[in-house]
Amino acid sequence: MNNNFLTDYLASTLRLSVPLAYAAMGGLFSERSGVLNIGLEGMLLTGAFTSAAATFYSGNVAVGICAALIAGGFVGLVHAFLCVTLRVNQLVSGLAINLVAGGLTSFLGRLIFSGSTQRLPVVPAIKIPILANIPVSGILFEQDILVYLLFLIIALTTYFLFYTNPGLNLRAVGEYPSSADTAGISVTLVRYVAVVTGGCLVGCGGAYLALVQINYFTEGMSAGKGFIAIASLIFGRWHPIGSALACLLFGATEALQLRIQALGVNIPYQFLTMLPYLVAMIALIGGMGKSTPPAALGVPYERNSAGKNI
Amino acid sequence: MNNNRIFPIISPIIAITSALIVGAILILIAGANPITAYTALFTESLSTYFGFGNTLTKMAPLLLTSTGVLLALKAGQFNIGGEGQIYFGALGSALVGLYVQAPGFIHVPLALLAGFIFGAVWGFIPGYLKAMRGINEVITTLLLNYIAIDLISYLVQNPLKEANAPSPYSPLIAKSAQLPIIIPGSLAHGGILLALIAVLIVYIVIKRSTLGYQITAVGLNQTASNYAGISVQPTIMLVMAASGGFAGLAGASEVMGLKYRLFEQVSPGYGFDAIAIAFLSRGSVLGLVLNSLFFGALRSGANVMQRSAGAPVTVIYAIQGLTVLFIAIALALEPKLRRDTT
Amino acid sequence: MAYLRLENITKQFGAFIANDNINLCVESGSIHAILGENGAGKSTLMNIISGLYQPDAGKIYLQEQLITINSSADAIKLGIGMIHQHFMLVPQLTVTENIILGTSKNINLNLRQKQVEIKALSQAYNLEIDPTAKVENLPVGTQQRVEILKVLYRHAKLLILDEPTAVLTPLEVKSLMTILRQLAANGHTIIFISHKLEEVINLCDTVTVLRRGKVVATTTTQQTTSQQLAELMVGRQVSLHLNKKSVASGEIVLSVKDLQVKDNRGVTVVKNISFELHAGEILGIVGVDGNGQRELAEALARTGVKVGYIPEDRQKTGLILQFNIAQNLILKAFKNPPFSRCGLLQQEAIKSNAVSAMEEFNIWAPDVNVKVGQLSGGNQQKIVLARELAGVPKLIIAMQPTRGLDIGAIEAVHQRLLAQRERGAAILYISTELEEVMAMSDRIAVMYKGEFVDILDAANATVEEIGLLMGGVER
Amino acid sequence: NNQTTTSTSNFKIAIALPGVISDKAWNQSGYEGVQLAKQKLGVETAHVEKVSQPDQTEVLSDFARRGYNVVIAHGGQFDAAIQQIAPQFPNTFFIGVNGNVSGANIASLRIDHLQASYLCGIIAATMTKSNKLAYIAGQEFQATQEELRGFELGAKSLKKDIKITSTFTGDWNDVAKAKEATLALISTGADVIYQWLDSASATVLQTASDKGVYAFGNTNDQLEIAPKAVLTSAVKHLDVAITYLAELAQKKELKGEVYKLGLERPDILTLGKFSDAVPQALQKQVLSVKQQIIDKKVRF
C-alpha cells in the first residue's frame, strides 16, 4: 500500500510533467535561437487535436503521433515565417497563434468528433525488463514510447546544444546573430530550423496529452500548460536539463497537491491548486533566481544593422 | 509623402479584411451565413446605441490594463501579469465597497484607490524581484497570475461569499461605491472615462514629464542611466507597481461599474489581450486607445455574432486570432511597403 | 599582381551614398591602409568585401577573377577574413567556441581537440590565449587576439582589419604589427584600417584615403607623411601636436587613500591606491587594459562630488543610442531647471541647450532630433563631452576618450580637456595610448594588477621606462 | 444547424451558456434543452456559449432587448446578473438554471441534486471494500456542495464511519488534471468515485475502470463509457426540464419562483441503468429509498 502510493505518486508526477517537458524542450529550441515563443499553448493544442484526429481516422497511434509532429512543425513554420522573415513582433505572433489554435482546434474538433465519444486506441506501454521490476522507481521503465522518447530528447538536446557544431551555431545565433552571420552561418536558416523543430516537439507533447494521458480530444485541453512550460524554461535557465527539472517540479507539486486533497486534509482547495505556482515562486526567490535569457531573444535580425548599435 | 499618411490606415484595413475572409469560409463550413454574421458584428458593435455601449464596456478593462503593460514596456519590463493584477485590483475595490461606508464622492475614489493599490502590490512584487534580485519578471508575473486567481476564488467562496449564492460571488458593494452608467440604459460605465483619464495621464507622464524621461532612459539603457545618476532599481519597481496599479484599476472598474460585486472570474483573459494591444500599438498612446476600442468591438461582437447569426464561438475565436496576426503582419510589412513605393 | 581590385563600387543607404564609385587595388602580399574620417565609408566598403553588404554597383576582382560575394560564407570560402570594428565575438561562448564557430561540417564539436589546435595556433603566432576562457571575461585586448585567431583559423588569405589597434596597448600594437608583417611575408594580403597615422606609415606599404565616400588619394607610405595624410583625410590643416599651456596647480580636488575595489565577482581588482589630484592638473593613468583602470574610474566617478565622467564605452555606458542629441545632453540634468519645471520637461530649454552645445562642441548632425546611434563615433564622443563638461565639474574622469576617433575628433577632444584644465578642473586621464597620455598629462601613474606601481613626472618620463612598468617590471 | 429559425408561434427563447456546447455535460445539456424546446414547442431559439462572467449582463440584457420572451441563464453564476438585469425588462422571463433567485420575472430551475447523489451514496457504501469514497468536481459551489452532501448523507445512512474525501481540480478544462486527481483518489484507497465534471467525465470513468474501482455516471447515462466501473448514473434530463419551464412560460403559467425538480419527475431526474455489479437486492433497496424520497418520507 505504501509502496503503491509512492509508485503512483511518481507515475503521476511523470505523467503531469511529460507534456510540460515536451513543450519546454520545444520552447528551448526556439528561444535558444533567439525567437521568443509564447505560442507553446497553441502548439500543444494543435498537437493534441491533430494526433487525436489522425488516430481517429487511421486507427493507428503512430499515425497520430506523426501527424502531431507535422502539425506542430507547421505551426512552428508559421511562427518562424512571421518572426524571422516578416519580423512581426514575436510576442504578438505567439499570442495570435494561441488564439487561432484555440479557435480552430475547437472548430474542427466539433466537426470531426461531434456526437459519439471518440474511442482511440491506446499507446501501449513498453516494459523494460529487469529495470521495471525495481520497486517504486521501476515505474519509470514501464512507460509508453513518448516518455522514453522524451528522455532521449532531453539527453540529445543537451548533447546537441553543448557538444555539436549545429548546437554551437544555434547558441551563437541566439546570443549574437551578427557574429554568427559574419562567421558564415545563416541566421535565417538556423532560426527556421530551430523554431520548426521546437514546434514538432511541442506537437509531440500535445499528442501525449491527447493519446496517452486522456485518450480523447477536448476543447482547450492544454489548459495553460504551455504557459507553465514557458515558466519552466525560464526557471531552468534555458538549459534542457534545468528546464526538464523545472517541469518535474511543477508536475511533482501538482501531483502532491492532488494527493493532499485526496487524503482529505482540511485546506481550502484553492490553496492546494495554487501550490505548484507558489512553490515555483518560493524556489525562485530562494536563490535559484537569476536567469539570463539568450541575448538576442525577441530581437529580429537585420543584416544592415550588423555590428551596429544593437 | 502621401503614402506615409495612407499606410497606417490602409494596412490594418487590408489585414482585417483578410482575417474576415478566412473567417467567412469557416462560418460557411459551420453552416451559418457570414454576411449576416459580419453585418451583425459591425453594425452592432460600432454603430448601434447599445452595441457601442457594450464595446465601450469591454474597452475599459482592456485600455486600463494595456496602459499598464505599455508603461512597463517603456521601462523595458514585460508585464505578463495583468491578469493577476486585475484580480487583485478587483479585490481591493470590493473590500472598500463592502466594508467601508462613505458618501459617493469619497467612496468611489477610495475604492478606486484601493483597486490601484492592490494591483500595484501585485505588480510591485515582480518589480522588486527583478530590480533587486534580477529574477526574470516574465516568469514571476506569470506565476502570480495563477496565485491571484486561486486566492480570489478562495475568498469569494469563503469569507466574502454572499449567503445562499449558488455560485461564488460576494454581496453587492455599497451603492455609494458604484460607478455611474455613462450611456443611459446601456452597460457603459464610468470605468471608460477612468481609462481615458489614465491613458491621458500616462501619455503626459511619458511624453512630457521628467519621470517619463527617466523611465524611457531606464528602458533603453540601464547601464547608461545608472552612470548618469538615475536610480534604476527604484524606477523599475515604481513602474512595475504603477503598471500593476492600472491593471488593478481595470479590476476595480469591473467590480464597481459592471458587476457591483466581487466574482470569481474577474478577467476572461484581458491581461493577455492587453499584451497584444500594447505591442500592436508600438508605444503609441493613441494606438492604445484605438486598439483597445477595436479589441473591445471584437470581443463584444463575438457575442453578437453568436446571438444573431449563430456563428459558432470557435470560429469567432479563430477570427480574432487571425485578425491579431494579420494586423501584426501588416504593421511589420508597412516600412517595407513604404520603402518600395517611395 | 593585384590580389583584390574594386571597380566603381557604390553603396547607398537610402539617399545617402556611403561609397561613391570606389576604385581600389590591393597588391598581393602587401599591407594596404585605408584612411578616412569617422563616417567616411571605410567600414561600409570592407563590409562589402566581406560579404555582409551587397554593393549597389561595381565589380570585385579577386586575383583578377570577377567574383560576387553574397554572404560572409562566400567571403570565407574565397579566403577573405575580416576583423570587424565592433567585435563579432559571442560574449557567452568560450574562446575556442568563438574561433571554430561555423567552420566545421562535422556534427561533433570535439572541443578538447580544437582547444589543443587553437593553443598551438596561438603559440605559433605569438598570440597567447586561454582557449577555455569565456570571452565576456576577457579584456578587450585579448578579445582582439581572439578575433585575429578566428581569421587565421579560417585560413584567410586576405585579412581585413577594421581599426584593430583602437583597443590595444602599445605593446600589443607592437606585437600585432610583427604578426601582420610576418603574415604578409608569408603571402597573406592585408587591408588595415586605423586612425593612427604613425601606425599606417610604419606598417603599411600603400594607403588609400577616403573622404565622404570617395577615394581622394592613393599613394605609397614612403611618399607621404602623417601631416599630408591628415590633411587629405580632413580636408584642412590639422595640428598633430598639442600646445599645452602650463597651469599653476591649485587646491587639492581629490584625495584618495588606500582605495580597494572589488569587482562583481568579489575579486579585489583595485588595491591600496593613494594619490592626490590638484585643480588644473591632469593625472594620466596608463597600464595594460584590464589592470583595474575601469574599476578605479567607476569607483571615483561615483564619489558624488561634481564629477564629469567620460566612460570607456560611449555606446553602452555613455549614451542612450535610441535617444536623440537633445535628450542625451540632459541625461544627467533632466531633473534640474531649466530642463524641468514642476516635473514637466521644458522642451524649449532642452532644445536650445542642444543647439548651443552642438555649436560649441562642433557636433555635426542635421539637427538636434537625430538619434545618437546614427552619429559617428566622434560626434557621439563630443556629445558625451558636452554633457559631462556642462556642469563645470571640478573633477573630470576621462577613460579612453579618443578611442576609435579620427584625428580631427581627437584634436577636438584634447582641446576640450586642456581647456578644462586651464579653467581649473582636475582631470584623470586614463588611456592605453601611451603617447597620448604622455602628451596630455602633468603626472603619470602606471597601473599594474590593481596597484599604482609608480607615479612619474610626465616631463621626464620616457616611453621605455613606462612600458617596462606597465609590464610589471619594478624599478 | 444552430441558426435562428422563425416560427409561427413567435415565442422566442434564448440561453446563455458559461462553457462550450460540446462538453457532453452541463453546457451541452442546456443547449440541448433549447433545441428540444424548439422541436417540441416550435419556438424560436438562440444561444451564446462561453459567456464569461463579465459578459453575463451584456448577454442577458441584449437577449431581452431583442424581445426574447424567455432568457435562460445556464448556471448559478448567472444569478447576480439576472437580479441586476431582470427589473429592467419586465416583459422577459429570466430563468436561472441551478440558480437560487426568484422575482416578478425571475424563476429558477433547480435539479434536486441531493436526491440522486443520496441514492448513489447508498450504493457506494454497500459496494466499497475500503470504506473510502471519493467525490470529484471541477469547482466548489452550491450545486457541487449539495451533491457532495447528498452523497455523504446517503453513504452515512448505511455506514456511519465511512470516509468521503473530495477533490476540486479548479479548472473544468484541465482534463489531464482531472484524471490525475482521480488516480490520486484511488491511490489513497478510495474505491467508489462520484464525479461531476464535463469534458473530463469520460476520462475519470475510464480511469476508474482501468484501476478496477467503481464510479458513477453523472448528467447522462454513462454506463456505456465504462461498463465495468460505472455502477449507475445520476441522470439529469436538463433538456426536458428546460423545455418544461419554457412550455410553462409559453402558456403564461410560469411563476416567479424556484422550481425544484427531483425524482418525482423521472423524465427529469432519475437513476440510470444499473451495472451487473450491483446486486439485485441492493438495486431493490435503492429503488425503494427512491420511492421514499418521492413520497417525501426521506427528507434532507
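Going by the order they are written in, the chains are A, B, C and D; count residues from 1 in each one.
Here is the rule we use: a contact is a pair of C-beta atoms (placed from the backbone, for glycine too) under 8 Å apart; a residue touches a chain by one contact, two chains touch by 3 or more.
What you see is a predicted model; the values in this text were computed from it and never measured.
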item: Chain pair bearing the highest count of C-beta contacts; value: A-B
item: Length of the line joining the C-alpha centres of chain B and chain C, rounded to whole Å; value: 47
item: Distance between the centres, which are taken as Cα means, of chain D and chain B, whole angstrom; value: 35
item: Computed distance of Cα centres, chain B from chain A, in Å; value: 28
item: Junction residues of chain C, two or more chains touched; value: 321
item: Residue list for chain D, restricted to those that touch at least two other chains; value: 20, 140, 170
item: Multi-chain contact sites of chain B, meaning residues that touch two or more partners; value: 150, 153, 157, 312-314
item: Touch-based graph of the chains, sorted into line, ring, star, complete or other; value: other
item: Chains that touch, pairwise; value: A-B, A-C, A-D, B-C, B-D
item: Complex contacts: residues of chain A adjacent to chain B; value: 82, 86-89, 91-93, 95-104, 106-107, 109-111, 219, 224, 227, 230-231, 234-235, 268, 270-271, 273-274, 277-278, 280-281, 284-285, 289-291, 293
item: In the complex with chain A, residue positions of chain D that touch it; value: 20, 22-24, 134, 140, 163-171, 173-177, 179-181, 183-190, 199-200, 202-203, 206, 225
item: List of chain B residues in touch with chain D within their complex; value: 31-33, 50, 54, 57, 61, 150, 153, 157, 164-169, 187, 254, 258-261, 263-268, 300, 303-304, 306-310, 312-314
item: For the chain C and chain B complex, residues of the former touching the latter; value: 301, 309, 311, 316-323, 327, 330-332, 334-335, 339-340, 343-345
item: Complex interface listing, chain B residues touching chain C; value: 208-214, 216-217, 220-221, 223-225, 227-230
